[in-house]
Amino acid sequence: MMFAAATAALCVAMLLALLRACLGPTVYDRVLAVNSFGTKTVLMIAVLGFLAGRPDFMDIALLYALINFVGTIAVLKFFRYGDMARPGGRPAAKGGD
Amino acid sequence: MHAISLGLTLFATWLLLSGVYTPLFIFLGVLSCAIVVVIALRMEVIDRESHPVHLSMSLPGYWLWLGKEIVLANIDVTKRILSPGQAINPSVFRVKAGQDDELGKVIYANSITLTPGTVTIDIDDDDLVIHALSETSRDDLESGEMDRRVTALGDGA
Amino acid sequence: MSHHLVIRVIAKLLIPFILLFGLYVQFHGDFGPGGGFQAGVIFAVAFVLYALVYGLDNARRIIPDRYIRAGIALGVLIFAGTGVVAMFLGGNYLDYSVLAHDPPHGQHLGIFVVEFGVGLTVASVMVAIFFAFAGRGHKIDEKEG
Amino acid sequence: MEALLDIVSGVLLAAGSFFIIFGAHGLVRLPDMFARMHGAGVTDTLGAGLFIAGLMIQGGFTLVTAKLFLILVFFFFASPTSSYALANAALSQGEKPWTWNSEDSNGDKDGTSSKT
């Protein structure tokens, strides 16, 4: 019951985020909305794990959080530079460009 | 030194994730951690920035304080979102980051972003460019308490 | 150029844990959702993040093309090899039961090895696809033909 | 004891849902991208935090709780990082933050009423 209510709340929030993703107006608004949508999806997967009595779902939630992060970075890099291969400096502490 | 501590942290994470504690899976865990440490060494991603052992004593206290700030800021921002009329007054301004290393600046910048009401939008050498939703959040940040605490974090070690 | 400071440091922090999570999913295919394919993708994601943050050239230096090709081939070899070994031991293709003295143990071993092959191939192919698309429009390595 | 824990986690979930919904509401209502990031921040920090805390109480001392904790830690590292990357990319492409006196030039491009 409690979990069902939480799922419903998440659905409402996801609809709002989706509305912003449709409205735009800039591409960054859409990326922000999609990122926020992804956060809610992670929570939704976690709640569904409890709702379905399958705690394995936590692995999927963690994975989705990960993919959401990397996906956002990739999309932003693409919109910023129009290319994924742009050099970004070495990882070592003082070696950044 | 950092490689060893990263390995131990990874193994602790493995134990949290795994849930199967037979000798075979413990062995696989050790093997996985070893593989990851080797790849990480090859990628040059292990150093005092990515794995700040020197901060491990002072970080928990800072996180508690940050958690309190996050809760307060959230309540403030939610009120502004909900209140009708002209509750927001966005502004962009610069604050000085008093930390002398890059890790300190990153912690500071991320703490600012984590506190709703203020978002770091650029780092320009020693200055952080901040977008604030209202005067309250702006004044909070300009009082410099967070800056002081993050700086103390780096010095205390 | 201090604009990318945050992402550079945080990516450094996260990459080892992404790799570990990939290996965890790889080895716990029996117990939870997961297995070779998903694990390979997660493992590749760590390299993709590395390439996104530190540039494609650095990523290519860390994991040269010959490693990727070797990974693709070796993974398929492990997969097919397990099947062929099972045939030599008197079973059908990919009949794991004959791999060890008692069938359940043999099946565990067989699935483990085959999943490892799948994971290796998928990770290598994912990295190869990302490198190929990201390097589009850049200098193409003539030698690799 | 059991019932008490249920109530506590129910309250946490309800509070989390509250912040998630109104964070999303802010995402729709606020005037420009930079302001909307604050709304998304509400969802990402306190909303997700309370929500996961509520689930953790339901999970008890098991590995489910440990994994939820890892998700939470990941959020707290990743969400400000992607916010920063987003804001920085938008800034570098010439997006101007909305303020009260820039209304004519930049505000309300999408026509959704922001000030009412």
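A few notes on this one:
We just call them A, B, C and D in the order they show up, numbering each chain from 1.
Heads up, the rule we're going with is that a residue touches a chain if its C-beta (ideal position, glycine included) is under 8 Å from a C-beta of that chain, and two chains touch if they have at least 3 such contacts.
The structure displayed is predicted, hence computed values, not measured ones.
The interface carrying the most C-beta pairs in contact is the one between chains A-D. The most central chain, judged by the distance from its Cα centroid to the centroid of all protein Cα atoms shown, is A. Distance from the chain A centre to the chain D centre is 11 Å, each centre being the mean of its Cα atoms. Centre-to-centre, using mean CA coordinates, chain B is 16 Å away from chain D. The distance from the centre of chain B to the centre of chain C, each centre being the mean of the chain's C-alpha atoms, comes to 30 Å.
With touch defined as above, residues shared between interfaces to two or more other chains in chain B number as follows: 13, 17, 19, 43, 45, 47, 49-50, 102, 109-110, 120, 122. Multi-chain contact residues of chain C (touching two or more other chains): 2-3, 5-7, 10-14, 21, 50. Counting only residues that touch two or more partner chains, chain D has 23, 25, 37, 63, 67, 70, 74, 77-81, 84-85, 88, 90, 92.
Of all residues in chain D, only 6, 9-10, 13-14, 16-18, 20-21, 23-25, 27-28, 33, 36-37, 40, 43-44, 48, 51-52, 54-55, 58-59, 62-64, 67-68, 70-71, 74-75, 78-79, 81-82, 85-86, 89-90, 92-93, 95, 109-110, 112 touch chain A in the complex they form.
For chain B in complex with chain C, the touching residues are 6, 10, 13-14, 17-20, 25, 28, 32-33, 35-37, 39-40, 42-43, 45-47, 49-51, 102-103, 105-106, 109-110, 120, 122-125.
Residues 74, 77-78, 80-81, 84-85, 88, 92 of chain D are the ones touching chain C in the complex.
Residues 13, 16-17, 19, 70-71, 74, 77-78, 81-82, 84-86, 88-92, 109-111, 113-114, 116-117, 119-122, 129, 131, 133 of chain B are the ones touching chain D in the complex.
Per the touch definition, chain A reaches chain C in the complex via residues 56-57, 59-60, 62-63, 66-67, 69-70, 73-74, 77, 83-91, 96-97.
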